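My questions will all concern the structure given below.
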Amino acid sequence: MNFTYTYHDTEYAVQLDALPDGRYTATIGENTYTFSAHTLENGAWWIALTDSGGQVTAHVTAQDEARFVHVDGASYDLTVPDTRTSRRRGASAGSGELTAQMPGQVTAVEVASGDSVTAGQTLVVLEAMKMEIRVTAPTDGQVKAVHVAVGDVVERGQTLVELDTQ
Amino acid sequence: MTLKTCLIANRGEIAVRIIRACRELGIRAVAVYSEADANAQFVQMADVAYPIGASSPTESYLNIPKLIDVARTAGCDCVHPGYGFLSESSAFAQAVMDAGLVWVGPSPDTITRMGVKTEARSLMQTAGVPLVPGFQAEDADNAAFISAAESIGYPLMVKAAGGGGGKGIRIVQEAGALPDALDSARREATNAFGDPRLFLEKYIAEARHIEVQIIADAHGNVLHLFERECSTQRRHQKIIEESPSPILDDETRNAICEAAVKAASAVGYVNAGTVEFIATPDGDFYFLEMNTRLQVEHPVTEMVTGVDLVALQFRVATGDALPFTQAQISQRGHAIECRVYAEDPHNQFLPAIGQVQTFIPPQGPGIRVDSGLTSGDEVTIHYDPMIAKIIVHAPTRADAIRRMRNALCETVILGTTTNIDFLLALLNTAEFVEGAVHTGFVDNHLQALLPDTPEIPHMALIALALNDLHIQTKRERPAGDSDGDVFSPWAKSDQFRL
Amino acid sequence: MTLKTCLIANRGEIAVRIIRACRELGIRAVAVYSEADANAQFVQMADVAYPIGASSPTESYLNIPKLIDVARTAGCDCVHPGYGFLSESSAFAQAVMDAGLVWVGPSPDTITRMGVKTEARSLMQTAGVPLVPGFQAEDADNAAFISAAESIGYPLMVKAAGGGGGKGIRIVQEAGALPDALDSARREATNAFGDPRLFLEKYIAEARHIEVQIIADAHGNVLHLFERECSTQRRHQKIIEESPSPILDDETRNAICEAAVKAASAVGYVNAGTVEFIATPDGDFYFLEMNTRLQVEHPVTEMVTGVDLVALQFRVATGDALPFTQAQISQRGHAIECRVYAEDPHNQFLPAIGQVQTFIPPQGPGIRVDSGLTSGDEVTIHYDPMIAKIIVHAPTRADAIRRMRNALCETVILGTTTNIDFLLALLNTAEFVEGAVHTGFVDNHLQALLPDTPEIPHMALIALALNDLHIQTKRERPAGDSDGDVFSPWAKSDQFRL
Amino acid sequence: MNFTYTYHDTEYAVQLDALPDGRYTATIGENTYTFSAHTLENGAWWIALTDSGGQVTAHVTAQDEARFVHVDGASYDLTVPDTRTSRRRGASAGSGELTAQMPGQVTAVEVASGDSVTAGQTLVVLEAMKMEIRVTAPTDGQVKAVHVAVGDVVERGQTLVELDTQ
């Protein structure tokens, strides 16, 4: 069985196979490991390598495309590839839309449709988790549309402002 | 007088901390909770819990009439405000006292006088406590500030008269940036404290933040419990605190602790409080502000002095005299606290909301964890994204750093990104190890401090694959959220924690 | 010299404790485990773990050749034996040293001399340390003991020359019971220590068990870390330990601590050890035995002195000098340890094996939990049924008792019966609260101490019904075990922990 | 739905019913409670009483007939009635069989078939969990049969000795 994970823009392929004796082999790139494994409490996995006697306890959670794993004193967050995600990301970048990075409430809208803006200029101010988040223009351009007003509660990914960036 | 039932007007880890103190003192603990907190640990731990409204703080934890109502309904005889929220609201303290209940904190008058930073500065000047050069005036407008700024000189700080905790503060490097900073700080101050007034202070480069814990009873005993150093800050938000301060010699330590006692005595302080100082590279120190409440970082003081601050708060609130003298208090060993936040250091420290699917706190000798959530709890947008405070105590500072590194590595938090790798990177800097971190250090070296994206260990990938194989049959990909926007150039934004 | 890789020749909570110390010291931790422990927490936490055989201790944790083999295979440079098992085996210590490894403990010669209780008594007599009146002789048979007993007088104690820890001990009230006691103690001693030799000591009624922690380096520094009182015992097994002792005045404390240093110095002691004394109601104290290893109850000393004993064991084992002087060590606050056992106080304290389906340790300021299992782990017949040590530290003894009560109440252990309600009953006795418990107290008042069967709260029944409703569909009753025999008259038996 | 639990020889009946609004009622003896409830982590139940505002968090586990519950700072172990158990218990008591109360190893057998024994006399010694457990005669009698020898590993409930007790 093949699994693919994305970690900081790099994709990793894992080929995992069960052996007849209950152990497993895993191949990642040029490395192949043989090991026994079983689940512990809290979704943890116990993996004991056959060759080296090495062993790890890995805590793992999976939700939608997100994967979290804690091993050897450090946590890693990865994703499993999802074609829908790639499409959405592409669309967003191409159209000059500024989206909310996290849910929050709009506390200020500092531009209107048609305004010219310079790179770094504050367009919208959000407040979330007691933090003020200023959404700024990534480049010089002109405001094509403003989709939110002060007091609006916005979801993550929701479009706030559209820019024409020439 | 013995207290029997306490309303805890707070949430999260500090509510849990206060509930534990109540249990030990035989006080019934009454919790209040917003919609977002219905399943929270502090609600489960309380003897009884009352819903008080929507998740927005103004609807719930800041709603004085509702809180007083619950206190009456539940038969409370006292109220503990924790930190944040209404802990420094003299209006709330007064309302509690008007309802005939004991307020576990200093008097409303003290809160008012120390809460208005400009009044506190005046008081301290009279008491002979050294002050940072600055400017304050009632009804000062931007023009007045701009003119005063010329004589103070740049860089300087814009601060909110009405509050503390890093909110409403701006460092201004040059005159051109002052108007925008004043506007932004004023908006933040209005939101946070309902008080738009600002004042200016000279910005002291490479300053150290050193604060002194005060405990005072109603019989005129004002004692200090030594200092905490909290210079490891990002954008004025404390990240790592410790006691003792690695830079104080005994003479300076005595001087700063005595100044703190003088400051607290000047306002007739009763209960726990903290006098914050700024220490300069030249060895001078200036009064910064007084926090008239329990601090987030109080555990480091508890660990090095062996004192239980929350229990003492209840005792002095009932009129008991302090059970020790100044001479009986000493610092032993070294304590460090790290604040674990749900935030992504690799993505501009944006808060990382989501469900904490697995939370396994570190255990072991000399490790204390103050947290308010358990596996399965949500980190929501409504409140501070602090997940846990990890506090260690060890014989020496070097031992404490090693213990903290292990404690952080042993902490398992899955389901949301945390700042643990950033905390580890900080602990590993030569500056932190040598005790040379000043308040600007983190911001000045942020890029260098951000840990490199580590190589992912193959064992991590194998564990993920095992788990995915295991859940293969029930696996589906709902049309849910995605992390895909993180690397988009359009996602760029400026943010800071207030 | 710096140690790099340590074999931990032990299991359970003490293996976990040592692994944590190794991590802080940068030492790689190598675990060994029996079949029963394959999934144990200490195995998971170690850097590498090796199976060493069947569950019976003689096949695994007592198997010296296997342990030395693993130490060599894993590239260890030192061995920590923990407590119990081979910790007081001079043969093992010697084998470790013969393999060119550092033994984290006193020399084999010291272990031998102090381990043979009869030789220890002779040594102490020479060193001028006071001894309990008694009788010992090489090759003494029952007849010799019976004759000596007449001159000592009854009640007296039969003890094993070869060991400690409550094993092989009998109190004999009158002459008629002595032969059976000698036979039974000899059998136990042979099993436990491979040494059938016994000796007699006068039984001191209402005695207190007070022991002094020693730490000594290879440079001739022998220091004490003050005392622990462990008088709360059931059948010679410590249940609750504390420091400071509630009965010692400063003069007696100094005298007993100095006697302990004298005892340790007399044998050229290096590393951590404990000198046990018996204190009489008249204020006298006598040498009891010296334990040449870390004690189960070492955490109470760590909490009141702020010292890390396991880290110090490693440091002195490498030849480092102690990093402090006697004058720098003091007791601060009060610490109490409770041993939580899987046993049923309502059924003659029979060990309660089974799966611990839920284990939620208590948390909070001043609470430390040393345990070696997590939810889902089995308590098996093979080893000591201690589930966890709960240790609290608070400013005063009264505070510590309150903190312990809360910690015990907060501890959730489901799936096996525990002694928690018994511990709570003990903590609530007037005798414990007043510090008046002597070593016979628990056994003398066992029936009165057993908590009444509490009323079951209706909320407990409702929760059970909710849960059963929830799992109704998958509910089946396999032909498994049952608790049905517990109330049968045929199930009656006498038991004691050895 | 009715549930019955045995706690220290006393039986408790709980009638639990779901209300249309998602809450529950439970009747125990003369007391009736209305409450809302849901599961938390670790098999815990959160129960909030409608009338008093009182609330508890109860940790619960169930395995075979055994039930464990922790509520308000104390743990309780109960059983659900099982007819097989009662039969077995009855049989054991009637036949004069002495059974092992827990698994262990036989370290001494102090009687033989035909021996007369007095109440309290040690018949067999077991060792389990580092404890010596002496199995003693509950009454005067005569040994009918000895079913174990030194070194045997016995299971819980296994018959060790049969006695004739007149």
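Read from first to last, the chains carry the letters A, B, C and D; within each, the first residue is number 1.
Quick note on the criterion: contacts are C-beta pairs under 8 Å (C-beta built on N, C-alpha and C of every residue); 3 or more make two chains touch, one makes a residue touch a chain.
Bear in mind the structure is a predicted one, so any value in this text is a computation, not a measurement.
Hopping across touching chains, the smallest step count from chain A to chain D is 2. More contacting C-beta pairs link the chains of A-B than the other of the two pairs B-D and A-B. Chain A and chain C have CA centres that are 50 Å apart.
Annotation: 41 Å between the Cα-based centres of chain B and chain C. Centroids built from CA atoms put chain B at 29 Å from chain A. Among the residues of chain B, those in touch with two or more other chains are 375, 406, 409. Shared contact sites, meaning residues of chain A that touch two or more other chains, fall at 42. Listed in rising order, the residues of chain C touching chain A in the complex are 39, 43-46, 48-50, 74, 374-376.
Of all residues in chain C, those touching chain B in their complex are 17, 20, 23-26, 299, 302, 306-308, 311, 323, 332-333, 361, 363-366, 368-370, 393-395, 399, 402-403, 406, 409.
Residues 184, 187-188, 191, 346, 350-351, 353, 355, 357-358, 360, 375, 380-385, 406, 409-410, 412-415, 417-418, 420-421, 453-454, 456-472, 477-498 of chain B are the ones that touch chain A when the two sit in their complex.
Listed in rising order, the residues of chain A touching chain B in the complex are 1, 3, 5, 7-9, 12, 14, 16, 24, 26, 28, 31, 33, 35, 37, 39, 42-43, 45, 47, 56, 58-80, 82, 84-86, 88-89, 92-93, 96-99, 101-104, 107-108, 122, 127-136, 138, 156-157.
Looking at the complex, you find that chain A touches chain C at residues 38, 40-42, 44, 46, 48, 53-55, 57.
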